[in-house]
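A, B and C are the chain letters, set down in written order, and residue numbers restart from 1 in every chain.
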């Protein structure tokens, strides 16, 4: 009886799953489904483009991995990794001690300073005193939200958390926020857009805090996937050495986004 | 300290005004944005709509299957089956769809895979489409159960007794009498469920699932034409509802063929 | 004596309800709850306890305000459709069709991201007294949920107004009541009585719609649970607790409405 039941249950499960079975082999690269230019964003034809997409494609090509870009909500990107909906997170995720409790990271592949932007018609800087009484926007569960809470929490009127960087930027342009803190490159892309040019400018870089901001951005993998992690590390090293990394970066940036060796520049 | 905010090399097109950026108010701009061919985003939206319809159809069919089983279980099942079904319909109807979708989306695939590995089978990859259909179908099933149960109860008792008197087997009676006789009573409720299903697909956007709402959000995020795109998506959903209403009217008339018209009955 | 009778009655009902298989099911449920309590991680609870209570308070507040305002709006919408001339009926019908034909999520995003991003380009809006409200998220959430409730309930009110027997209105007219008096004394109360049974369902549906405001950065109980998920990387615990909270609120709502309905005379019409 038990075996019959077991087979029946398995058949049911398989049946339920059968319509969704894909080929098990390709490595699924998880990126946030929400646009994060210039790193990851969809174009009008639904293709994913940006620096990070080209970067991870180059790593995969180097290591002969069959990679497919799989968009998932940023909000659930770590659960998506741990429940094997994706195999790698390549979505500008900073390496932090807190995240390393749950997942593993590859070596960092870029590291850029953290900036604060605000409306053009207001003059202020990027210190806790400057943000006194202001409404600051950050993306949820990022190093920036952790930093903002630690350093600006006591002085700012409110720290608003957004599901995507895009929404925070949009609310700044719509006058609902007084300032936004995020990665300087992502903010720079926004300031150069028509919307950003019209409303906002750079207020400054925040004071460093390596403990919160971490050593940079790495690719997230499950703790047990050490082989995959080694492959990605080898791939990063190889494209750093053979010039592919610089070649891709030159298309997007006019400076080195890899950041200084050990110590951060800011 | 870094010298200044690093600048991205990607140039944005100059000369556009703030209003253009926010509203893309010019008719030509809107047409260009919504054009079905890239760089217009119309194609993306239509693809999203197609996904939404696929999920809604799948979820409604799955919901119907669960609902039919559930209704018969509630009416003719043993005490344990009845109580379990009561728990199922109560819980699903008391908890917001958004919460259920998140729970089932993460838990569902995880549980299936854990069950499969526990029984010694290979774990399977569940595609987004299958997961979306399963999750919404599970929710729809609870509502369908109640609709179909009510419809079966509305069948004149004499018809079922007559079938029994003819010595029909339960299977034959189900196929020949119960299902066809129940249909006219069930269709208004089921039609309503179909409309709810089409609208509930939008909730899947929150788990990063590619359908019309997420496609719209991506398009709006990249182009910053929030108003244009959300408005366009609203129009697409509305068209879907109106067309559905038209078809539902036809189906209802067909299912009532040979019955006294509602107006005469009053 | 009477007290004893009710006691026996209650005991009989309990024994009827507590059949052997139910006891088994309850034991299974208790085991599941205990298992969840012991084997899952709940150490985050003390830290988010206050935030959670505030979130529940916000959800309930949004629910109450939007249901109340939505119902006020539904009355004219229903009346216009049931008895109004064409130029009142047509816009009301269009409004209900559009609200019912599009997802609430899209309506919410259209208002917050679409409409809200148009305001700041007009200096007079930025300088007006409304701006401190317009720059927050909750007014958009309240507006969208109110319109949604009005759209669905407006359709119900249309049927309720149309369902009041003609004879009653004719009798009122025969008494020489003015039109306003007929509406206030006869038509509206009767229509509301007729619509009341649907209110329970509509209010529960509205409760289930409130978590959508979390997508426009309002911190309701759903947003608090998302925050816990994002801070702790736990997937199931915050969601399970959230489902339990919503079930409790629904249960209380249904119970309260059944009490209210029992007090209202049902012999009407």
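Simple rule for what comes next: a residue touches a chain if its C-beta (ideal position, glycine included) is under 8 Å from a C-beta of that chain, and two chains touch if they have at least 3 such contacts.
Keep in mind that this is a model prediction, so the values were computed, not measured.
The interface with the greater number of C-beta contacts, when A-C is set against B-C, is B-C.
Most remote from subunit C, judged by the distance between CA-atom centroids, is A. Every chain gets a centre from its CA atoms, and the centre nearest the mean of all protein CA atoms is that of B. With centres taken as mean Cα positions, subunit B sits 31 Å from subunit A. Measuring from the averaged C-alpha position of subunit A to that of subunit C gives a distance of 37 Å.
Centre-to-centre separation between subunit B and subunit C, using Cα means, comes to 21 Å. Subunit C has residues 113, 117, 215, 235 in contact with two or more other chains.
In subunit B, the positions touching at least two other chains are 18, 22, 102, 106, 206, 217, 226. In subunit A, the positions touching at least two other chains are 75-76, 79, 83, 167, 170, 173, 199.
Taken in their complex, subunit C has these residues touching subunit A: 113, 116-117, 119-120, 126, 131, 135-137, 215, 217, 226-227, 229-231, 233, 235.
Residues 19, 21-22, 24-25, 97-98, 100-107, 109-110, 113-115, 117-118, 121, 204, 207-212, 215, 222, 235-236, 239-240, 242-243, 246-247, 250-251 of subunit C are the ones that touch subunit B when the two sit in their complex. The touching residues of subunit A, when paired with subunit B in their complex, are 6, 9-10, 13-14, 16-22, 24, 32-35, 37-38, 41-46, 71-76, 79, 83-85, 112-113, 115, 164, 166-167, 170, 173, 184-185, 187-189, 191-195, 197-199, 202, 205, 250-255, 257, 265-266. Taken in their complex, subunit B has these residues touching subunit C: 18-19, 22-23, 79-80, 83-84, 91, 93-100, 102-103, 106-107, 195, 199-203, 205-206, 213, 216-217, 220, 226-228, 230-231, 233-234, 237-238, 241-242. Residues of subunit A touching subunit C in their complex: 75-76, 78-79, 82-83, 99, 101-102, 140-141, 160-163, 167, 170-171, 173-176, 199.
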